[in-house]
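What follows is a set of structures for review.
Next, two complexes with chain A in common: one pairs it with chain B, the other with chain C.
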Partner chain A sequence: MKRSPLALFAGLYLIFLYAPIILLPLFAFNDGTIIAFPLRGFTLGWFADLANTPALHEATLNSLIIACSVAVLATCLGLFAARAVTRYKFPLKGGILGFIMLPLVLPEVIVAISLLVVLMQLGINASIFTIILGHTLLCMPFAIAILQGSFAGLDVSLEEAAVDLGETRAGAFRLVILPIVTPGIIASLLICFIISLDEFIIAFFLSGNEPTLPVYLWGQLRFPARLPVVMALGTILVTLSIVLLIVADIFRRRGLRRTGQSETGGFL
Partner chain B sequence: MSSTPLIQMQDVHKYYGAYHALRGITAEIAEGEFFSLLGPSGCGKTTLLRAIAGFEEISSGAILLNGADMAGVPPNRRPTNMVFQSYAIFPHLSVEQNVGFGLRRSSMSVGEKTQAIGEALEMVGLGHLGGRAAHALSGGQRQRVALARALILKPKVLLLDEPLSALDRKMREDMQVELMKLQREVGITFVLVTHDQEEALVMSDRIAVMFEGEIAQLADPEVLYRRPATKRVADFIGVMNFLPATASGRSVEAAGLGVADLAADQMPAGPVAGACTVGLRPETLSILHDGEASMAREASAEIEEVVYYGDMTYYDVRLDGMDTTMRISMRNMVGRDVLDVGARTRVGWDPRAMVVFPD
Partner chain C sequence: MISPPLIYALLLLAVPLLTIILFSFWTQNFLTIDRTFTVANYAEALTDPLYRELMLRSLRIAGLVTAATVILAFPIAYFISFHVKPEKKALWLFLITIPFWTSYLIRIFLWRVILAYDGPVNGTLLELGIIDEPLSWILYNANAVVITLAHAFAPFAILPIFVSLEKIDRSLLEAARDLGEATTMTFIRVTLPLAMPGVLAAVLIVFIPTVGDYVTPRLVGGSGGTMIANMIYVQIFDLSNRPMGATLAVLAMLTVTITLAWFILHIRFWVHLSDRVGGGMLGLVLAVVAAVIDIAIVRWVFLHGPDWFGPAGSLGVLAAIMGGGAVLIALFVPKGRWGI
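And now, the complex of A and B:
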């Protein structure tokens, strides 16, 4: 097989993209404080150090609280929006949906600064609560995109059939609609969780004195001696993200199969 | 059959905003009847069916089931069940769970439910498929599951919304016969919505032909076919030749066909005088091959088009003195040659087959 220049380009592109991420675990297990080759030896010491850093635990707890709240909040709102969009016709539908999707393309710095200005004007202090608000805004487009896929393949007469067979509207939703869109809900929860967990800019602007994990990581970069610990934490975060993303996509695909739709590529 | 009709529709109107979807539907459906709503898409037949099911609220008039006014009664409290056009099989449940869905709220024991589900599946010929996942079914099997799921609740009325339109031709013809048998077996009133005139003629006891939200004619299949009330009904059901004519009383004259004195049921309801239209079905006309029996009326004609269908041949012929052509369908038989375009022949017909429409 002849190797085309495009294949070479693609190979270089992938190396450029992922080499830094591969370096992360490499130095996380390296027995030396200086981030440079040659590697010195294998150690789990940096991971052990993570356990003895109370400030880190606090940041982790903050991040988890925020990510869980955002996942639930964005998915619930996304559920309403996705059902409304796929099921009903109403004026300005396209415009409203466009506005919800806008954070997807707006520069995050702009969104973060605007949010900060608004919150200041309203007299609300930056806290975990404000980060939750910011992240929900950011996650809504993803939640809607995923859930819309689940609802789009849903035959309206399924719900009518359930009612026709004796169920109430609420019963029909619980027994028929919900089970069919559940994979989509789980996928949305996981994706929103990861996005919130990894997000830095909005968290940085809105965190006040309650840092999230990425904000804490950024703070640690000022101390060269702490660098390997940062690498260790980064390794954990990257692994967690990849695992959750894979699980989320498995659920999303299962959902599509359930409603009899064919695969149309990833959701991103 | 009880004396009060099972379903009574009294001057039913339905508006969607300014759009007048149902324009004063009045009809009665008896218990045990196979009743069809037939019409082109957009004629309101599905809206009417959904109104009987309770999915559409009517704007005025009344729908009575078993003598009780159904206004404000939700679908889950009506003695009706529906087979949806898409079948609406719950994809996350097995065949058995689908069929048993409606029994969730019944007071039956688990054993009784299992038995009822088994019987319902047996009835539609799916006894062996109970455990299968719903998304692994073929189109015909889905339809049977939808039937079993609706019939297990022993409704007073089974509503069917174009149930055969998703099947291929062969399967559709088989299912038509099966549906008829099933209906006779269970004795439940069936109300069928279809745009397929053949389907309606084959299966129904009575048919309501609908155009633009109104019932154009309500009759049994034979009357509907032989004595359509309007040109539009005649044109929608089967094929009919329309010829310009003039009438005075029941004496009707058409160019090429001569004068005929017709019976009362061949004439339109209102009085006709002057210009009108005569209708003749293609199979009531005959090409009189040499040596074949003569008919009540005969005329010379020229063949202008021949369409050979294997079992049938369709001829477009022009009778001497006629401006337009008429279609004639002839069964192909041994010893009966297919004639060529341009051939001269004799055409026979019987005035008793004529129908007159006002212009």
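And now, the complex of A and C:
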């Protein structure tokens, strides 16, 4: 790599990208109630405060229930779509896939209010269940994108060989295909978990009186005195996301290698 | 095999979208909803200066965000594709996507901290003696929204541009240079046109969601940075006027679709202009000038049209200009290189 103006720009750009994430822990460990420089010294007090906030624990539990359910649901639905798209030809394939992928580009507010209006009209109260429905819709495109990667390099003859040797279709899928795409499935589960855990808009519109972590955070942003605690909570969330993301990426690459594809970086 | 996800998407996406379209033709009658079919909501949304201003501002902010994001993203994508060793590309892309996977809410909130009156940006600039007093134009207004969203959507712009740059056959660049083209001209006449599909994809992926962003205007926008999504929220939750909220949502989607269709058709025109003078620097300048004039005309009619032609009339004039232009371009300008 040459030392060119372009490299310098790339460096500055990375700083721009990471600025919020670098500042976050600084304020979370800072012994001062005001979120501003100069820093005042090191404390773990804000993290300790997190431990004795019951409302927060409730929100965390809600978020975990939602994120786990969404990860499983979206990945299952994603499996169907990814296998159908890579294995079979059917009419309107592009259109159907495009429609399922639509939540990727649609403004979230539109998705959220249309879901809300329908649920209100049906008399279904906003709850954890409605958030799970909304998040699954949002995570499905990501699950499909990741799983498509694992299915794409799959050799059809492997499955055919299993069927020729006397396995049923379902048996062949379970014994031959599933083990090969397992890393992709794990990556998809983790990514859907992260998206659901961090998602705010749909949760905000559909949560009713069962807030998720981001909705709880949003409520706390109004109280200046609570901001250091918010920073501490944010630090935990961001660290969790990054750790899960790295694990997910390791699995995704392993999956690609299993089917003999080259590793091109990053999701999406 | 496709059916479970398709049924899911139909039930939770198509049905709700159709429902809000239906809702937009109803009206709120205090506590009940009047289900007589009417276009009153649309008439109000399209003529009330407040809604028009919010819609235009949302489009302007989204346009600025898109421009800023794509212009900043291009050199990065170019750097990764052309200057980073192949085995390190994956790492770079991973580094760029990591921030995207962390909590959106927290990232946006931290921009409020960064841009604050006593925040690190002002602190550093004061320290360095670049400014004498803290900048006040970087928080609680449209600028702050643009900066913050340009950060939030960075990976969405970098990845498609990177993909299209990776697809460029490197021997084409060598050929251009062997034939005596300078490095800059090679870039303008070979690399840039070949990377345009990626740039267009980036524009679409950034523009559509940013028009409807809710969190950023609320956290860093102040009163001058409020956008259409905030108004939709106010209508539905604070004013309990769900039909009006639905109408604004439908209009927002329509406006985005029309704007993008107009934009894509006009790109054909701008590229055609550029090609007519042989491309290169002159072509680039000409295309940009044409783009600025085109956008200025539409914006002027939208803003000042009501004074001249009345609220409804101005929409007619706008439709005539945009539709007429589109038809002319579709009929007389040949399809460009990128199939648009």
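The definition used in the following text is that the second predicted complex is superposed on the first by the 262 of 268 C-alpha atoms of A that agree within 3 Å, B and C clash if a C-alpha of one lies under 4 Å from a C-alpha of the other, contacts with A are read in each partner's own complex, and residues count from 1 in each chain.
Throughout what follows, a residue touches a chain if its C-beta (ideal position, glycine included) is under 8 Å from a C-beta of that chain, and two chains touch if they have at least 3 such contacts.
All values reported here derive from a predicted model rather than from experimental measurement.
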Superposed partners chain B and chain C on chain A - clash or fit: fit
Superposition-derived comparison: chain B or chain C, residues of chain A touched: C
Partner chain in contact with A:Phe42 - chain B first, chain C second, else both or neither: neither
Partner chain in contact with A:Glu167 - chain B first, chain C second, else both or neither: first
Touching partner for A:Phe90 - first (chain B), second (chain C), both, neither: second
Touching partner for A:Leu24 - first (chain B), second (chain C), both, neither: second
Chain B and chain C, minimum CA distance [Å, superposed model]: 20
Intersection of chain A interface sets (partners chain B, chain C): none
Contact set on chain C toward chain A in their complex: 1-6, 8-9, 12-17, 19-20, 23, 72, 75-76, 78-80, 83-85, 89-99, 101-107, 109-111, 113-114, 116, 118-120, 123, 151, 154-156, 159, 204-205, 208-209, 211-215, 219, 229, 232-233, 236, 242, 245-246, 249, 252-253
Residues of chain A touching chain C in the complex: 1-2, 4, 6-7, 9-10, 13-14, 16-21, 23-24, 27, 35-37, 76-78, 80-81, 83-85, 87-88, 90, 93, 96, 99-100, 102-103, 105-111, 113-118, 120-121, 133-134, 136-137, 140, 144, 191, 194-195, 198-201, 214, 217-218, 221, 230, 234, 237-238, 241-242, 245, 249, 263-268
Touch list for chain B against partner chain A, complex: 53, 55, 74-76, 80-82, 84-86, 88, 90-92, 101-102, 104-105, 135, 149-150, 153
Chain B contact footprint on chain A (complex, rising order): 155, 157-158, 160-168, 175-176, 179-180, 257-260
